[in-house]
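One structure is given below, represented as structure tokens, and several questions about it will come after.
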Amino acid sequence: MQLGMIGLGKMGGNMAARLREKGHEVVGYDVTSPERDVDTLAGLVERLAAPRVVWVMVPAGEPTAATIAELGELMDEGDLVIEGGNSHYADDRVRAKALAEKGVGYLDAGVSGGVWGRQNGYGIMVGGPAEDVEKARPIFDSLVPDEGVGFVHAGAVGAGHFVKMVHNGIEYGMMQAFGEGYELMVASGLVDDVPGTFESWREGTVVRSWLLDLLSRALEEDPELSRLRGYAEDSGEGRWTVQAAVDLAVPAPAITSSLYARFASRQDDSPAMKVVAALRNQFGGHAVHRAETSDDIDV
Amino acid sequence: MQLGMIGLGKMGGNMAARLREKGHEVVGYDVTSPERDVDTLAGLVERLAAPRVVWVMVPAGEPTAATIAELGELMDEGDLVIEGGNSHYADDRVRAKALAEKGVGYLDAGVSGGVWGRQNGYGIMVGGPAEDVEKARPIFDSLVPDEGVGFVHAGAVGAGHFVKMVHNGIEYGMMQAFGEGYELMVASGLVDDVPGTFESWREGTVVRSWLLDLLSRALEEDPELSRLRGYAEDSGEGRWTVQAAVDLAVPAPAITSSLYARFASRQDDSPAMKVVAALRNQFGGHAVHRAETSDDIDV
Amino acid sequence: MQLGMIGLGKMGGNMAARLREKGHEVVGYDVTSPERDVDTLAGLVERLAAPRVVWVMVPAGEPTAATIAELGELMDEGDLVIEGGNSHYADDRVRAKALAEKGVGYLDAGVSGGVWGRQNGYGIMVGGPAEDVEKARPIFDSLVPDEGVGFVHAGAVGAGHFVKMVHNGIEYGMMQAFGEGYELMVASGLVDDVPGTFESWREGTVVRSWLLDLLSRALEEDPELSRLRGYAEDSGEGRWTVQAAVDLAVPAPAITSSLYARFASRQDDSPAMKVVAALRNQFGGHAVHRAETSDDIDV
Amino acid sequence: MQLGMIGLGKMGGNMAARLREKGHEVVGYDVTSPERDVDTLAGLVERLAAPRVVWVMVPAGEPTAATIAELGELMDEGDLVIEGGNSHYADDRVRAKALAEKGVGYLDAGVSGGVWGRQNGYGIMVGGPAEDVEKARPIFDSLVPDEGVGFVHAGAVGAGHFVKMVHNGIEYGMMQAFGEGYELMVASGLVDDVPGTFESWREGTVVRSWLLDLLSRALEEDPELSRLRGYAEDSGEGRWTVQAAVDLAVPAPAITSSLYARFASRQDDSPAMKVVAALRNQFGGHAVHRAETSDDIDV
């Protein structure tokens, strides 16, 4: 079928390529990419036959919001917007409502798989009305690894991004668990072959997983991870997961501690731990006298 | 090759069966199982040709300790004991030393895969001297899913059980992450198809993994997990992982919070939370006057 | 000085009483309390001499929002509203801006001390312009335990409630730490005199604190806390603290785990732990066969 | 009464001074201190009149073990050893048993208060037989802040150090909670007067405590804690508390996360976070291509 793809970065560009390989007609637009087929959003809408289906795959936040607002101006009743970026599920509901006033449909689609998705296929999680899902079904079927797998219509508008957010929260927890396991092995001094241990786990064990495959691959390239710093960004989805946990009164200690470990990894110096250090100094009497032996400190 | 297998439960019995299918001669012994080939440990040792290789696969703790002590009495120089249960890595070193005095070798082998291992193969992680590992190589090669995968010689004695322990610690973290994700979806009221969401993640996503496969299978059988209580045992390996983290000064918050979540799941009533409740009552003035409105409490 | 007090519950009522004892003229209003001096908000505003100072001490959320909106209608340029409840600091800024359009000032005041405050005095943390703080200074001076202590002008509008929120977050962590310590003592079976231990800590130790005093008092009344369930509400401030931590990328594991422990204490059955239980069952092969021995489980 | 004091460092020396001020006869011994009254342990035992009472206040671990072993050689039936350092409660039981064979009594005494104890008095928590506690009662009564407070006979041998350990675990949680609160205030950019806020909390609030007094004092001396690094040691007691929690199946997330925060504060680079970083790189395809935009990363 025909699809407009807005955003031709690593995600949107690869998805467009995969869809074309599967026989779809994709008209691509991007603010800067030379690979775009049209030069403006208006041009994109013009090029598509009504009822149009447009997939938005631009950075989360302001760019996505602005793109969808502009599409709302340009599109007509019966058209459909699929927001495939990492929007917050609450924003989806606001946008869907705004577009609905003009008769334009809205689906939120969480997409997992990274740059590997072009060859392996993507996991796709969609929220929105069933009839809109059906309109875009051929697109979803070509994005997933194989027809019938890797797709879920999770619920009403917002449900797609909600479950994608949860997916990423789980991912945080899994990554942290592997990280902690790695550090334990390294710190123990007992394990002569850490990369080989992870490699061996790829078959037969309980922890076998794609993340383990990736970790094993990373350790093959850099057995002591010496080219990396222990510094990890977070991308917003982890924060949203924790905020949802707090809002819903769901205890989520593993996911939350994974997020906090990333926060801590980015600190040169921790103000909280300065307080702990300051208090330990105070136990010693005067701040100018730093405590020297264990018997001053275990107060 | 010839192998003595002590313990013919779900793990040992299945391993013996797999080894026999692969052409090994396994002489099995078990305290109670009718499928044993010999009636005593002494009988087992007698039946095996020297130099003997004996795999111990009995419950951790006292049964394993007693079995290995008795083997130490019965076996001769050049024989080899492989402890395949869930021993603590520190115990391995003590046992290896004791057996070494008599010239009996010792390998510790962590085994992962559960009852699925018979058909899928097992992950095997071994600690001990390289020459002893070579003696038992044909056995390891037949236990793993395919030759060349699923096996690691992790280091000296104790390293096999250490990495198996870490493997289980990571497993705790992964299971908890999936649990938290599930609870978030259920609590949100937004997700109409929770089982379908997990099922969809099995292909193309970052969290695809054997645990996810199992979870999807469990949700197929019982979509709301209504036949289960939120009550989880822990098996010792998780505790050891946390204790190792503390000993090694490795922050392991995700694994630890997974263990603590299991502890909490088994409490009918939490003494710690009684204290919190008692303090909240105290804020209200006299304990007999329970605080009634939010303005008393947010003190 | 003259003050209007809106809300005569345990907090507002006691504060009014303390202020009157200190010689202030307090005109009280409450939706239901028979102790109110005027019957309507309009009546309250009418009774006060301009420029008026009104303290709002009603339940957080809708009641506070509605009260302040109505005051905005009724009050005049030069008047001052002090919001003393548990508002979110972001709401303070919105309200202050709205009132400022009419020339009405706004201070946010976090108040700590509970019902004990009437006799002990309250901790008061204020946000807003310095000149407005000065207008209400006599009131603040009479609410605190002693002139010169227990008061801070923390910053601009919102800062008062922000630091009160942080105060409560710290309080969560302290309460949880005492709870964990209590449970450790009880679970150990080693400590014959748990109430006496807490009592002994009240002097000379590092953990001496008002919360410890309260805990000791609670244990005196009910040495095994047998009259309480391990069930703890949370009041919103703890959630806000965690959300602020996430927004600000501040790792706050102790406060967060305290909040999560309260969440968990209120669950009859944990969906997350059902997932863990379901996965453990799956290791055993078929869900109908529950794993029975440790050797199936430590996979 | 007469007491032998072994170890005249900041703790033992101050305690000896306080006891002398209260009229006791203290004979002091220390490996190096010029303030010692005798030059050898044997000399100390000789100088004391039987039945002797000796307080051991030397660094935990080997020095304490060696001192008590030597005392076991030197002392006679009816004598009493009080171990006042930070021993593990399990070691107390072993030592008490060994001394009992010779008829020498043993008490374990947890001591809290740091260098402030000389003037304020110490918190004292004792484990052992009641009759031995009575023998040393005059000493305990002089060490506590005031007769009748600050002392508990917590239970049998080991109970004193167990509750001291729990006390320190709680202390870790409280310190961490204050640290997190401090960091939130600093990170918010909303709070103009952070030291003043802590100072204001010292009266009237729920979090008022000796640790808050110390923190306020530290902030008075160094308002931005700029002379300190966010680096905190741990002293063993926190680790033991977590290990006890794991052994006893007590969820202790607040105390544990406080310990882990100290571990993390001492790492220049976190191996665990290298794994997280490595995995994030892998999402981007090849490790040589670092992910650049949010759309590659939120996979």
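Here the chain labels run A, B, C and D in written order, and each chain numbers its own residues starting at 1.
Here is the rule we go by: a residue touches a chain if its C-beta (ideal position, glycine included) is under 8 Å from a C-beta of that chain, and two chains touch if they have at least 3 such contacts.
A quick map from chain label to UniProt name: A, B, C, D = Decarboxylating 6-phosphogluconate dehydrogenase.
These numbers were taken from a predicted model, which means no experiment stands behind them.
**Q** Work out which chains are contact partners of both chain C and chain D.
**A** Shared contacts of chain C and chain D: A, B.
**Q** Farthest chain from chain A, going by mean C-alpha coordinates, please.
**A** It is D.
**Q** Take the average of all CA coordinates in chain A, do the same for chain C, and state the distance between these two points in whole angstrom.
**A** 35
**Q** In angstrom, rounded to a whole number, how far apart do the mean CA points of chain A and chain D lie?
**A** 44
**Q** Distance-wise, how many Å sit between the C-alpha centres of chain A and chain B, to the nearest whole number?
**A** Roughly 31 Å, centre to centre.
**Q** Spell out, as numbers or ranges, the residues of chain B touching 2 or more other chains.
**A** Answer for chain B, listing residues that touch two or more other chains: 112-114, 168, 171, 176, 178, 180, 183, 187, 206, 211, 249-253, 257, 260-261, 264, 267, 270, 272, 283, 299.
**Q** Sort out for me which residues of chain D touch chain C in the complex.
**A** 89, 112-114, 117, 120-125, 127, 144-146, 149-156, 158-159, 162-163, 166-174, 176-178, 180-181, 183-185, 187-188, 190-193, 196-197, 199-212, 241, 244-245, 248-255, 257-258, 260-261
**Q** How about chain C: which of its residues touch chain A in the complex?
**A** 206, 234, 239, 242-243, 246-247, 249-253, 256-257, 259-261, 263-264, 266-267, 270, 272, 283, 299
**Q** Spell out the residues on chain D that touch chain A in their complex, using ranges where they run on.
**A** Touch residues, chain D against chain A: 7, 9-12, 57-60, 85-86, 112-116, 168, 171, 175-176, 178-180, 182-183, 186-187, 211, 214-215, 217-219, 221-222, 225, 228-233, 235-237, 253, 257, 261-262, 264-265, 267, 269-285, 287, 293-299.
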